[in-house]
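Each of the next two complexes has chain A plus one more chain, namely chain B in the first and chain C in the second.
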Partner chain A sequence: MIGRSLIWIDWKRMRGALLRESAVRFFLFLLLGAIFEAMLLSGGINRYMSDRWRVTAVLRLSVTAVEGEGMARKAAGLPEVHSAEYRSPETSWKEFVDAYPVMEALRAAGGNPLPGYVEIRMRPDRFTEGDFRSVETVLKPLPEVEKILSGGETLSRLLRVSRWMNIMFWAGYCILCAVSFSVFFLQEKARATLLSGDFEYLRERGVPARAIPLSRAAAAAFAGGLLSLAAMGATVSIFIALSGRLPAFSRVIGSYAEILSFPFLIPWALFIPASTILSGGASLLGWRAAQSRPR
Partner chain B sequence: MIEAFHVGAVSRGRKLWDGIDLAFDEGEVCVLTGPAGTGKTLLLSILRGERRPDEGDVVVGGNSLYRGDSPAVDSFRSSSGIVPDAFPSISGCSVRDLFLLSRTAGESIPAGERDERQEKLLSMMGIGGSQDWKLSSLSVTERARVALAAELFRGPKYLFLDMLIANAGGEWTDMLGGLFRALAREGKTILLAERTFPERWKARSGEEGIAMGPFRLFRLAVSVDGTR
Partner chain C sequence: MTVSRHLAVIASCLAACLLFLAPAHAADQSEKLRKEKARLVEMKEKAEKTAAELAETLRREKMSRSRMNDFEARLAKQRRLIAGIDRRLSILGGQMERTERAVRALDEERGRVQGTLNSESREVFAGDRMWIGVRAEDSSGERSRYFARRVLSEEMSRYGRLTADREEKERVLSGIERRIVDSERRMAAQVKVGDKLATQQGEEKKRLAEIEAKKKKKAAELRALRSRIARMEALVSRIERQAGKKERGGKEVRKGGPARFTGVPGGLVRPLEGKVIGRFGKQRDPVFDVDVENRGVEIEAPSGAVIHAVGKGEVVFVGGVSGFGRVLIVQHGSGLFSVYGKAGGFSVKQGQAVAAGEAVGQLPASPDGKSVLYLELRAAGTAIDPTVVLPLSR
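Presenting the complex of A and B:
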């Protein structure tokens, strides 16, 4: 009976304060969960970059439309590639003329001077220099390919910037986690201090001294797990709603299908045990800090 | 049985007393008296395993409270009730909160019986219907009686009552005497610390009590005919 009663001692003694604290914790879990999910889906700025940056495999003039389509399929089959699309010489010419209308006279001399090409988009999670090089290595020796345009030195600089930005994003996320943990810790310390008279009352009446912090930590961990589960559920609902309504959201963060895919459910499931452990840990540390205060 | 062997205490660098031997049997009501500042509260906390004596030892049911294992001490404490001289500084605001805390420390009491039992105890203490009263609104005498009711709620085997009679007020002396005798007949051990032995109570050990260092120990006649 003692153990079970003790687990809910804070709830019984300070219901109002605990509800207010839980609202703050839910908001923090929602924020942490949403950023975590967004970072995992987008890979920082990688998804945006992979949407904007394309590798172009310029085909030889002799390559037919069927061969060009085959090339696009081959490129799309590479593990680093998100999608590959064949553009015929005619499409290529239209794009050229749209960009440079004054050059239309070039065609008057004879046939279409431009070759067809395959436009390749990298997967957001494979947006690295090594992956670009790997795609180039596979496509370059093919007889249909004239040359590969991937950005050269500009790409290297861009990838460097993107890597640093991702590091900064994750560092920011870690700081937010630390701030949240500090908030949990301060909440727990304040509550343990306010309830110190109650705990002393219980200890004097034979409740084992170790049972009180351990029971409270178990309750905090359980509540933390439930709150983070609710927060992650809310995050996924918000993401699904946004990805259906805002095309830009899918381009920058991810699509509806990806949110519920298996690879993204594993870290999602790790977030809840991590929140549980953090909540329990904050309770124990808060208790310790409250106990070490001079009376 | 609670036994204290050659117990001594030092406070603020000054020896308060030493070599005190005490024994409290089951079903006994004992009153320990002494002037202010002699260390009655300190002796009570030593006897209930709260404060290690500077000399000697306290043994309960064959287990030392200070040299034995922690579960034995916790078990003794869980079967003890304490009414301190100063009201416990708990965070709750109502009498009901105090009972809730007492219930948490004690054995399971069926939900249906709780309110009825609380109300019965409070009525017995002359403060029926006070469950929702704020603790801060209670007078000193009401606080003493509420604190005792909250301890009795758990049905402890041992009761340590510090200045309860003085705090509860003269008009409650007879009623509390009767209550303690009834509890002693059920096999409970009650130990009180007071400045003086209550006038109308009848001591087995005579009107002067037994001298123990700066204290006097009175054993209350428990049976109706004056014998134990």
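Presenting the complex of A and C:
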């Protein structure tokens, strides 16, 4: 009975402060969860980059629309490829004129001088130089293909930038995690300090010294688990809502289908225990810090 | 026919007059007739001269006409040539116009392409100059730049083709210009030749008109001459009749002589050895291009050949007759006469009797060594073909 009442001692003694702290923790969990999910879905900057930097297989002028579609299907079947779309010569010309309006006059000199092409989007998780070369190796020998455009010399620089950006993102996320942990720790320390008189009273009346911090840590871990679960739920809801409304969100973060796919549910499942451990750890550390403080 | 009838009427009148006139007046009348005959001979000579002049005029007319035809043919050829050159010039002009248009179009196209190339190159390669390291463009930018480069390279090659085309067209144009200049020069030369021909033709036309006028004048003179000859012929006939009358009046030996040449005593001989070149009867005159009635034949023989009497008879006339030169008339019987004309001279006198084959004269000298004897045989006032009664070679 003593043990169970000890778990809820903070709630009994400082209900208002605990509610405020829980709200802060929820938002922190929400932030951490959202970033974690976004990072997992997008692969850092990879999804954005794979959307902007695609492989273009420029087809020959003699290639028909049917052949172009066939080419696109063939390319889409490659494991490195997220999607592949055939663009007709007319579309090529339209895009070209949009890019260089002054060249519209050229059409008057004859027919459409541009061929069609197949635009290949790499998977965010396969956005590497090796994967690019692999796709090129498959497409280049095809007789319908005139030229493969994959960034050329710029590609390796882009990939380097992408790698560094990802490292920075993850580093930033780690810092955010550390900051959150610090916040939790400070909250725990402050509460433990405030409740130190109560804990002293209990110890004087025979409550084991180790039972109090463990009970409190268990309570904090449980609350943290619940909060992170709620935060993750909110994150998923927000993501689903945004991916349906903002196309840019899908391009940068991911689509609705991907959010709920199995590969991305596992990290989610890991995030909740991690949050639980983090909360419990913060409670223990906060207790210890409060105890070692000179009276 | 009308002339013959008139001649018959005149002859009848003359015969009637002679019948009424006394034989005592015969000698005077004969003298008058001789004078008249001499006058007529003179007239005939004049007429012959006129005929010769007319022949010359006709020859010149023929020449002039042939020259005119030649001029016309040359002028027609000239006109065809000029028309051909003109056609060629117009074709060349059309070609030149087309080529100039093509050159202008090529120039415009070339200028447009060059302008587009410049502006496009600036735009396409602007990204290259703006960024160092990572380019701020995505894959669509890369694609657009690839397409732009591709289009620009095509445009560059088109520009090169246009330049080559333009140079080719200019070369063609300069060739056409050269050909036009050449054609114009040739045309000017041909026009000059044509003008000259036209001038010559005009002159020839004028000359022809003059010849025509002269010809008309000469034809009128010829008509007059013919009428005079006819009159002369009538007078000769009259002489014949007069001679016949004289015979009858004088009761000479020839009364009751042969009435046909086949009956001439001693037979008939050839007047000389030669070839008949002028036949008896109606013939086409090659000089005047008219039908001429020949009353005798012309025998060609060496100059100076001796003329023999064709039969026994009496010389009734020796003298000159217009158109026949020296003439000898021999009477062989009742109404039978042989006439020898165009002779150089005669060795017999009027009233002298001649035997068949007796030398009576000789042919005149001629530069080409050949002369012609005119032989006419008359029976009962009518000329007969000598080749029928004489063995003349044709």
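Convention: the second predicted complex is superposed on the first by the 248 of 295 C-alpha atoms of A that agree within 3 Å, B and C clash if a C-alpha of one lies under 4 Å from a C-alpha of the other, contacts with A are read in each partner's own complex, and residues count from 1 in each chain.
One rule holds for everything that comes next: a contact is a pair of C-beta atoms (placed from the backbone, for glycine too) under 8 Å apart; a residue touches a chain by one contact, two chains touch by 3 or more.
As the structure is a computational prediction, the values presented were derived from the model and not from experiment.
When chain A is checked against chain B and against chain C, the one touching more of its residues turns out to be C. In the overlay built on the shared chain, the residue A:Ile9 is in contact with chain B alone; chain C does not reach it. Contact with chain C, but none with chain B, is seen for A:Lys147 once the two complexes are overlaid on the shared chain. Once the two complexes are laid over each other on the shared chain, residue contacts for A:Arg205 go to chain B alone; chain C is not touched. In the superposition on chain A, no contact is made by A:Arg20 with either chain B or chain C. With both structures placed on the common chain, the touch criterion links A:Arg52 to chain C but leaves chain B unconnected. Once the two complexes are laid over each other on the shared chain, residue contacts for A:Ala105 go to chain C alone; chain B is not touched. No residue of chain A contacts both chain B in one complex and chain C in the other.
By the touch rule above, chain A contacts chain C in their complex via residues 52-56, 58, 92, 95-96, 99-100, 102-103, 105-106, 109, 113-114, 117, 119, 147, 149, 151-152, 154, 157-158, 161.
By the touch rule above, chain C contacts chain A in their complex via residues 109, 112-113, 116, 119-120, 123-124, 133-135, 138-144, 146-148, 150-151, 154-155, 158.
Chain A meets chain B in the complex at residues 1-2, 5-6, 9, 12-14, 194-195, 197-198, 200-202, 204-208. Those residues of chain B that touch chain A in the shared complex are 48, 50, 70-71, 74-82, 88-92, 97, 100-108, 154.
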